[in-house]
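Given below, in the form of structure tokens, are the structures.
Both complexes below contain chain A, partnered by chain B and then by chain C.
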Partner chain A sequence: MVLAIIEVKGLCYTYPESETPSLIDIDFRADPGEFVLVTGPSGCGKTTFCRVLNGLIPNSYGGDFKGTVVVDGMLTATTPVYELAQHVGLVFQNPENELFCTTVEREVAFGPENLALSREEIMMRVEEALETVGISHLKEKSPEELSGGEQQKVAIAALLAMKPKVLVLDEPTANLDPVSAKSVLELMYRLNEKNGVTVILVEHRLEMVSNLVDRCIVFDAGRIIADGAPREVLYSEKVSELGVGIPKIVQVSKHLSEFVGEQLRFLSSDELASYIRGRRN
Partner chain B sequence: MKVFRAFEYRRGTTILHRVDPRSKLVYLILFTVLTVYFTRLLALLLVFLSFLPMVYIGKISARWKQSLRGSLFFIVFIFIFNFIPTAYLSGNIYGAAISAIAMSLRFLNLISVFSIFFLTTSPEDLTQSMVQLKIPYDYALTFNMAMRFVPTLSREAQYIMDAQRSRGLEMEKGNFISRIRNYIPVLIPLIISSFRRAELVADAMESRAFGASKKRTSLYILKMGRRDLLFITVALASSLALFAVNLFL
Partner chain C sequence: MIRIECVTYSYSEGISALDGVDLEIGDSELLAIVGENGAGKTTLVKHLNGLLKPQHGRVLVEGIDTRETTVATLARKVGLVFQNPDHMLFAETVEKELAFALTNFGVPPEEIAKKVEWALIEFSLSNYRDRSPFTLSGGEKKRVSLASVLCYGPKIIVLDEPTTGQDNLQKTRLASTLTRLNRQGETVIVVTHDIEFVADFIPRVVVMSKGRVIADGPTEEILVRKDIMDASSILPPQLAELSWEIGLNTPSINTAMIVEEIRHMLGRTNK
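What follows is the complex of A and B.
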């Protein structure tokens, strides 16, 4: 068995000044290079889970934290966030709060500057990160002039400059139009596929991602209620009971299954289209 | 809110943009001192005229004018509150008017010199110059962040005002006191959302290894050059000249 890059055991967490726990009995493990999709109704603990993975919880938030979280061999509860930041990058929902410099270059350099790397090394990392994300041409621009999708890419580049092994994205496309969303999600797929970055992606646009990922976990009321291949998870009883955020394609497939009397489990409209084309011939 | 927007830095390539912030700080201090020190209308007018070439060189005339227009309310306020008591006490309406105009002009000068400084100085360069002036990075960054989020907050204030108006809040209704009170339903959500935003920004910074080392690297180091020497010389010479003129007026 490979050494897990993320290992969460018996995690229960309650925010300070909160009565009810936000995460309950979480056991989760991810291998290096995995692409895990996280979904579930809003307020189910996804964002909290993201903060747990990069150590903001419990280090900055406090609260009642039980269980262990080990990321890239480090126990998050006893490792400072700036140390963890070099192993896990966290992308937030709203790029407006993530970007605070006047040029893209300085934005990407902020992390490496904090690490007190040499100037040459910082330059190199900035170039490399911008190239990987495909935004080298935006280097001199101000983040404010960019589209939401570009801003989110800048945020991702800013994390890549710290060379993390894991990227955690908390609904990175929530404020984006469909075209930008698609290009950000495809970027994540490429980073995972080509650069071997482990990706934990919280996402509601399931149609766009469910056929890109190896694995899908579903949160509900602070618990993980399903974990497995997207096809298994999205078509499971428990998840259809939730009814939230399930791709339309799942509904269509189910209806179609009843209609044609055969078990159909499509994940994308392309799959459905080619099935229909096949039936016609 | 327009007053704030008029101080918002936008990138430029003019010589004023490229001069080291520390040189511009010298200019800022010199002309602030002159403005505060001078009391005569003519002297203050000369200071005001000296800003015109700066505004022209920096190509910031549009936003500078905006900053002046934005401060119109304060200027009227200053004029009235200087004019009425002085005129009442001295009985000299002409003299009171002149001194009230001088006071208003003094305020305009202050607005102008700060607007020239901030419109042509990028927040990062300013932060960097503070760091190089041995001000602790945390304080410098706090300042940088404050500047960065001014436009964001002013946009948010606008949204909240629109939202409250659409629920029937009449902001321009009533006398002076109740008009101020009308702003409470705007201020409270604004303050709460600012705190929330501050937390999110702090999260984002921590996630990018903020505080990882005592002495962080700066990608760019500011260096004073011949340009700066020239700039400081001109600033010093012109303020000495203004000072001399004021003596002989």
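What follows is the complex of A and C.
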């Protein structure tokens, strides 16, 4: 068995001054190079789980934390957050609040500068990251003077420039236009496929990601209630009752299953279209 | 009625965020504004409640030029929910957050209590009434910011990315709230990247690109037009895509209609 890159055992967590736990009995393990989609209703614990993975919980948040979380060989509860940050990069759900430098370029350079890299290496990483998310033209601007989506792209570029082994993205596409969203998600797919980066991605819009990921976990009220291949999870009764966004192609496939007398489990319009064309010939 | 006449706006010299926008929005319309990142959507909607004033052209809200009135006056008519909820939330508790505008407008306490109660239920926030808005999840915060505006009943409701952080159930609830308010006569303007939400619930769509309006019309016509979508970084809804791939004569974005079409298609070949 390969050594897990993320191993969460018996985790229960309650925020300070809160009566109800936000995570309950979480056991989760990811192998290096997995691409895991995390979804579930609003308020179910997705962001809390992300904060656990990069050590903000318990180190900065405090609260009642039980269980163990090991990421890339480090026990999060006893490792300083800045050290974890070199291994686990997190893009926050609302990145505007995390941007604090005077220009986009400085913002993206901030992380690498703290890694004690050479000047050239830093410049190269910054250029590359800006290029990759398509915001080179904004590098002189102040993050405050950007549109919502442009700010989100800055946060993603800042993460890429760190080149962490584990990427945790909390709804990274929420403010992106569809073409930018698709290109960010495909970029994560490539980093995962080519460089073996482990990706944990929180998303509500499942139609955009379900055909990119290996595995999908679903939270509900602080617990993991489903874990498996997206084709299994998205077609399960339990998950569709939960009110997560079941993609249109899944809905149409379900409707057609009865009519054609077989269980259709398509995730993309390509798959369904080629099935239909096949039936017609 | 809102009239936007040839409005231009630039934050700094050289680049215009709005480059001659003309748009007319009738009373009790329900419409979406879509377009690429940086297209000017937020800049445009900030003109509707007077937060920004046109540098050229003018904006008329129910006949009043936004340059000749104050944000405070306009705010009663035009409720704007910001893209980033952290820019709106400030109160100690969710309940106080929702009561704030109502108190400011001098609404009697019994009335306030009723409206706050309505909003807490409408946005699934009843369990959070005593919580600090800052300790809520992303989606919960967004719902508080939506509730805080909708509960004082502005005639014109402008929502900048209302679906971010919302699961499908919350989106459906939001859509039915908006549809109901719209039927009661309110004008509802939704800025969004969530094309599936537009396809499902919003009848008119305005497409912006590079500071201009490049298309405006019924959703089911606009969202199946490839040329428009390419020009504004929009991707077609999954069902429009499917319609093209299987060569439907009339592409559709409606689940029931597509299922019917496919059945027909397969039924015919089965025989």
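The rule is simple: the second predicted complex is superposed on the first by the 241 of 281 C-alpha atoms of A that agree within 3 Å, B and C clash if a C-alpha of one lies under 4 Å from a C-alpha of the other, contacts with A are read in each partner's own complex, and residues count from 1 in each chain.
Just so it is clear, a residue touches a chain if its C-beta (ideal position, glycine included) is under 8 Å from a C-beta of that chain, and two chains touch if they have at least 3 such contacts.
For clarity, every value in this text was computed on a predicted model and none was experimentally measured.
Student: What is the contact status of A:Leu90 with respect to chain B (first) and chain C (second): first, second, both, or neither?
Tutor: first
Student: Scan A:Val81 for contacts with chain B and chain C and give back first, second, both or neither.
Tutor: A:Val81: touches chain B, not chain C.
Student: Identify the partner contact of A:Phe259: answer first if only chain B is touched, second if only chain C is, both if each is, neither if none is.
Tutor: A:Phe259 sits against chain C, while chain B stays out of touch.
Student: Looking at chain A, does chain C or chain B touch more of its residues?
Tutor: Partner touching more chain A residues in the overlay: C.
Student: Taking the superposition on A as described, I'd like to know which of chain B and chain C A:Met123 touches: first, second, both or neither.
Tutor: Once the two structures are laid over each other on A, A:Met123 reaches chain B alone.
Student: Based on the A-chain superposition described above, do chain B and chain C contact any of the same residues on chain A, and if so which?
Tutor: 94, 96-97
Student: Would you tell me which residues of chain A are touching chain C in their complex?
Tutor: Interface residues on the chain A side: 15, 18, 40-43, 46-47, 93-94, 96-97, 145-150, 153, 170-171, 174-182, 204-205, 207, 242-249, 251-252, 255-256, 259-260, 269-270, 272-273, 276-277, 279-280.
Student: So in the complex, which bits of chain A are touching chain B?
Tutor: 51, 54, 56, 60, 81-83, 85-86, 89-90, 92, 94, 96-98, 100-103, 105-106, 109-119, 122-123, 126, 142, 158-159, 162
Student: Mind listing the chain C positions that touch chain A in their complex?
Tutor: The contact residues of chain C facing chain A are 11-12, 35-39, 42, 83-86, 135-140, 143, 160-161, 164-172, 193-196, 232-235, 237-239, 241-242, 245-246, 255, 258-259, 262-263, 265-266, 269.
Student: Chain A touches which residues of chain B in the complex?
Tutor: That would be residues 9, 11, 122-124, 144-145, 148-149, 152, 197, 200-213, 215-219 of chain B.
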